[in-house]
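Same chain, two partners: chain A is paired with chain B first, then with chain C.
And then the complex of A and B:
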């Protein structure tokens, strides 16, 4: 385990750290957002489903932070990386920065995130960095269920006239310009491609993702996804909604850093 | 004498805390058992990445193997992904007998109570990460299935 990052060039290691941080923060933030539905989801089945999904995502985040901790060797463990940063230090995509909102917001966010994340995971499946390739193989098996869940709900809301479709359209309008932030280029990603850690640059992944969604949006008669707005701050400029979420999910850690829960 | 079969036999007594009818051996969670003069080393594969039971399973395995009186090292790894086809035939039978449909490679699921395949998926997600909720239309019995991953 300790040899995790030893064979990497410093530039590659830095780039890989940033990628792991982006992925882990994405999973942590969507996991905690979704967990806010526990106990109050629209129907009991969905209360169970969204809670289980959230648990999966937090598990993925934990595993990614552990890899990051092994790579950084800066004295911080996975929990310290996950919880001991101010809100400005988080590196998740802006798509995940919106308030939890209503059920349609949650479904739209999940659908856009899960489809983009699945393109990202596919590009890492044959990663030259074994620990990540192994973890991604495991994550993809679980994410398959998330895609089925988000896809079924997305279709259901989009194809039910009246309030369901209206709410879905509203949610899309709020979030669609941020959807591409999951796959926005990382400043150091050239090193990742050169080291064979990812199989394509972000702009190509984003194109793959947009191509995969186009027929679904056309079939459901939904407006085309707009280009990503404010690309330069896709992962660095956070909202009050995130600051509130952060205050909640770091609260136990701030009260008692040694707590096990 | 301590050898691999003896260690595996001991591990067959360590139940899954969420579905105690099956052991870590039944579930195919034991990837490697290494018995040396220096002690016993076991590699476990978590069923799901965020499985909250894994720490408990790890400590129960360590406690059980402590009976051999040599140092024990229990590792949890994802070197190879755990998949639901690792559940043994015995494990599948035990699941069925306690009302869980085992994972299936295709989409057909048989009700563990009456055997009918006239079943409906209620919820892909269930009370733990590894289970889905189904309903048998023939005997009108809700049941759970171990997720196929």
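And then the complex of A and C:
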């Protein structure tokens, strides 16, 4: 795929880079957050399951960073893009900026993210930029399972009275105003729409996502998701929780960035 | 049934426990047309999560094309040796119990036939 970005107009290429960075950073950050359960999940089976999901997300991030590296051709490979930025340089959604928290936090974050991500992926399924359409087709097949897993846990926590539901409600309260950040408009996205890379503007995707969640929330008697707070910084100005996570996931890389594995 | 010898309750000491978990047996098919073979077990509170966990334990490396997940408690166990290993000679129930070679040789001799040659390749 040597001609990955050659056919694109500069404005389209810039916009595409930003989209790939947003998606890759989302997958990297949620992958690393969820990987913190490895070894400490309440039962062995769930430990394996959540760790395997986390690995999948890191795999998706890697594939997206590779596409981005081919597009940018700025001398950085996927690892350099993934690990060699300061925390402020990351472009993930604020929903993923929260501390790992308890199991309910993890499930709420996963559920809100996976449902939004599936709407985003669907909008890219027929992308005019073939390398992305091909990758998205593969990612979507894996995300189907992620959605089933998150949905199963979300439903059972929400419908089990007492501590499970109470913790779920707490987690929702912490995160719901940030839930929409996954689909908040990217500053350059008009170019993506004009080039047929996405099939609808973020506004429309966010509406689709909210519409799909409304009946689930109504059935489980959960409070409606509020509008996104502080839209302007949806993917910038990260939290201390993220800075801690970043310090962790870059720690080995920083010892020797040139090391071969 | 000898207590402790039932493989359904002997999987590393796992039994239904206080946390609402119970064992589920997982059978896997490696490729289309293969028989379903027992793969192992998972602990889960219900069928939905049991299927998820079976997928993670026995399917995430693309080693299976189909899984069957069965609640261990739903399996009817039979290991009664009076029924399965009766003490008297039952060799006449096995096809190997009939030794045909001598009978065939006698019959051939009587009818004057010779033994057919081995089929040439």
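Throughout what follows, the second predicted complex is superposed on the first by the 258 of 261 C-alpha atoms of A that agree within 3 Å, B and C clash if a C-alpha of one lies under 4 Å from a C-alpha of the other, contacts with A are read in each partner's own complex, and residues count from 1 in each chain.
Here, contacts are C-beta pairs under 8 Å (C-beta built on N, C-alpha and C of every residue); 3 or more make two chains touch, one makes a residue touch a chain.
A quick note: this is a predicted structure, and the numbers were derived from the prediction, not measured.
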item	value
Chain A as common anchor, with chain B and chain C clashing or fitting	clash
Chain B versus chain C as contact partner of A:244, first or second or both or neither	neither
Chain B versus chain C as contact partner of A:163, first or second or both or neither	neither
Which of chain B and chain C A:149 touches, first, second, both or neither	both
Touching partner for A:77 - first (chain B), second (chain C), both, neither	neither
Touched partner set for A:173, first chain B, second chain C, both or neither	neither
Touched partner set for A:52, first chain B, second chain C, both or neither	both
Chain B versus chain C as contact partner of A:88, first or second or both or neither	neither
Residues of chain A touched, compared between chain B and chain C (which is higher)	B
From 21-29, 57-65 or 93-101, the chain B stretch with C-alpha clashes against chain C	93-101
Chain B and chain C contact sites that coincide on chain A, given as residue numbers	45, 48-49, 52, 145, 148-149
Chain A partner contacts - residues on chain C that touch it in the complex	19, 21, 42-44, 48-49, 52-53, 55-57, 60
Parts of chain A lying in touch with chain C, wherever the complex brings them together	43-46, 48-49, 52, 145, 148-149, 152
Chain B residues touching chain A - in the complex, by the definition given at the top	48-52, 78-83, 122-129, 133, 147, 149
Residue ranges of chain A touching chain B (in the complex, touch as defined)	45, 48-49, 51-53, 55-60, 62-63, 134-135, 137-139, 141-142, 144-145, 148-149
